[in-house]
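What follows is a set of structures for review.
The same chain A turns up in both complexes below, where it pairs with chain B and then with chain C.
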Partner chain A sequence: MSAVDITFYINAAIAIYAGWRVFVTDSMVRASFFLLISFLAVGVIMLLLAAIYLGVALFFMMAVEMMVMALFMVMFMMNPAGLNPMKMVHQEKVAIGVGLVAFLALSAAALFGQYPVRPVPEGLEPVVSLGHELLGDSMLVFESAGVTLLATMIAVVMLTSHRGRYGEANHGSRPPGLEPGGDPADKPSESEEEGGHHHHHH
Partner chain B sequence: MTLVTLLMVAAALIGIGLYGAFSQQSFVMLMMGLELILNGAMFAAVSFWALTGGGVPEGQLLTIIVMAVMAIEMAMGFALVVSVYRAKQADMTEALDGLKH
Partner chain C sequence: MSLALLIVSVCSVLLALAVGVYCVAAFDHAVEARVSGARGGSALMAPLQQAALLWYAPENRTETSDIPAWRVAPVLYLMFAAMGLALVPWHSRFVPVDLSTGVVLWGAIEPLATVVIFLKGWAPNAPFPILGAYRYVSLGLSYILVSMFVLIGVALPAESLQFKAVVESQAELWNVIRQPLGLPLFLIVGLGVSFWGPLNFIDADDLNGGGAAEDSGRIRLLWAVGRAAMLVAFSAIGATAFLGGWQGPWLPGPVWLGLKTLALLLVLVVLGQYLPRPGPERFLTIAWVVLLPLSFLNLAWAGVEALL
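Up next is the complex of A and B:
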């Protein structure tokens, strides 16, 4: 077994183990760090497979994305430091069944499929060929991805801004009255029941 | 490092991600399951590119697009989590039962 094979097996084991530990750990920030470790291991395997740009892009993109996830964990979860044991799952048997079925079906497709053997040619420079492809034949895909990212940024700012359509967020989603100082011009909504077990009022 | 081994590792990642996406009650953990699925899918795409694609550039392009989709999905998902929390004080999936039968 060559050094490449040993590195691959170690990183594959790290990726799968860290992926499993994401959902088993108590501390939420450690869950996002385990996910980061899984991504870094997959990035190392991508470097072994000669996808140099993709491996390094995985490293730096996933580092930042997992930090953002850890931030959202601390914002939204009640046990970020892992001081209490915690297992918040629902429909666990269904979930295990679905995961197993997916793994078995995809492994069967991998084992019994007839795939041609066409390895990467010797003199290929993967970064140069990716650059030529992105900015040449697939320029439309590249630019569409850019516009989609812009639309996402606008949508995210709209969804999370404190200002509604007509004013501040608490009052800004009802249109103003037909007469000045009158009732809002849309139908009054029923009072909705409070959801969730956690009542954080601020 | 044959194609079958690589694809089985990718299948394991996708299976674990599906388990997480189906079973977790918190929105953020659900999204971590989705991230694992996309991780497995990207890994499978790169292994197909390297071992059966002959280094054709569209293989890397697909992986880059999946990475961009991952970023978009995370951004939109967290924006929706924030606005759902503001509207209903809900931080678990069980708390959203407006459309429940």
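Up next is the complex of A and C:
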């Protein structure tokens, strides 16, 4: 067994083990970072497959993605730092069924599929050829996707920004009351702060 | 790669790491003594004395903390610094990790460091560390973006993502002159990612020690070593990307690289003592409104220069 084979088996084992830990751990933050470990191991396998750029790109994309995911999950939970134990799975029976079917289907495709044999030509530079593909024949698709994503990001920032172009973004909105029909939970009476604007009466 | 080359590579990276970390601590002590006029022992012995103090200090525990994460985070941070250092070419024929996408891997180390810094602050299950951790995540994105655009600017004239090619592209003119905005921006990012000096918003005094508020003993020592190592990695990558790496007259390549790295290290330590400290919110505004547009300008400049 060569060093490449050993590296592959170690990383495959890490990817599977960390992927399994995602579902049995009891914290959102741990689950996100186990998923990150799983992806990093897959990234190393991609490096072994000579996808030098895509493997390394997976490292930083997944690092940022899992960081943001952990942060947002903790922010939207009633669990301040995400350290209180909580169950990480829902609808277990359906999920197990779907997981088994997906695993069997992918394994069957891997084992019984007919794959073309196209050895990589000698002296192929994967990074250069990827660059030519992305900014050559596929440039229109690539650039359209890029500009669309950028426009989405700018639009989301504009929509969620507290300070809008025409005043406060949440102008006129009212958080729910502590009891039905009661005063908003987090907002002091506006007459005390500014005077003049009466959106509600006591 | 033969076994001998592998061993030499590992040893050279570890040696550079050890010498670099020691130099950071000694420089910092010397600069601080010079600024404050304090006579606090010799700068050469101080790093070892401080390390011994932390080594023998007892460890701290908090309620329902994630102890494995707390312990593994400083190790991983140190490991990422070592990975960055391994990408640096010592000579045209000796690069510990000669990856054809080395610049991108360095770009991946910064987000991975963000994850580890967050994990370190999250693990103790205590208020000040988690505040420091959140603070770094919100600042980290601006560091990553600035660093990425600066490094793309360096890769453009080299027409390659390999650090060796980046060094070779500076044979006639160093990038520090070709792209004058690049090195200052990269050094600011370096101070930010190793949260050093004025940009230490994470383990900051305004958070009662922040991310390191609950650290004691060897974890604190390891964390300090990791931050110094990250500063060393930034200096070495900066010397490679902007100061011509191993290139220079008379002396052999690795000596030139070492001298340039130490010079940048000294600049970073001095900046850490002399730059004013902005508040974290203000620095976030500065990062997005000043530093990021400057990095765009740098990239546009590099693009125009590459076309001409």
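Here are some notes:
We take it that the second predicted complex is superposed on the first by the 143 of 202 C-alpha atoms of A that agree within 3 Å, B and C clash if a C-alpha of one lies under 4 Å from a C-alpha of the other, contacts with A are read in each partner's own complex, and residues count from 1 in each chain.
Throughout what follows, a contact is a pair of C-beta atoms (placed from the backbone, for glycine too) under 8 Å apart; a residue touches a chain by one contact, two chains touch by 3 or more.
Remember, predicted model here, so these are calculated numbers, not experimental data.
Aligning the two structures on chain A places chain B and chain C next to each other without any clash. In the superposed model, A:L100 makes contact with chain B only, not with chain C.
Of the two partner chains, neither chain B nor chain C is touched by A:I14.
In the superposition on chain A, contact is made by A:E92 with chain B only, not with chain C.
Note on chain A: of its two partners chain C and chain B, the one contacting more of its residues is B. Of the two partner chains placed by the overlay, only chain C lies in contact with A:F33; chain B stays clear of it. With both structures placed on the common chain, the touch criterion links A:M67 to chain C but leaves chain B unconnected.
In the superposition on chain A, A:A57 contacts both chain B and chain C. With chain A fitted onto itself, chain B and chain C come no nearer than 14 Å, counting C-alpha atoms only. Chain A residues 53, 57, 126 lie at the interface with chain B in one structure and with chain C in the other.
Only residues 64-66, 69, 99-101, 104-105, 107-108, 110-112, 114-115, 118-119, 122, 125, 130, 134, 137, 140-141, 144, 161 of chain C touch chain A when the two sit together in their complex. Interface residues of chain A, counted against chain B in their complex, comprise 4-5, 8, 12, 15-16, 19-20, 22-23, 28, 31-32, 35, 38-39, 42, 45-46, 48-51, 53-54, 57-58, 61, 65, 68-69, 72-73, 76-78, 88-92, 94-96, 98-100, 102-103, 106-107, 109-111, 115-121, 124, 126, 129-130, 132-134, 138, 141, 145, 148-149, 152-153, 155-156, 159-160, 169, 192, 194-201.
Those residues of chain A that touch chain C in the shared complex are 27, 29-30, 33, 36, 52-53, 56-57, 59-60, 63-64, 66-67, 70-71, 80-83, 125-127. Contacts from chain B toward chain A in the complex involve residues 1, 3-20, 22-29, 31-33, 35-36, 39, 42-43, 46-55, 57-58, 60-61, 63-65, 67-68, 70-72, 74-76, 78-83, 85-86, 88-98.
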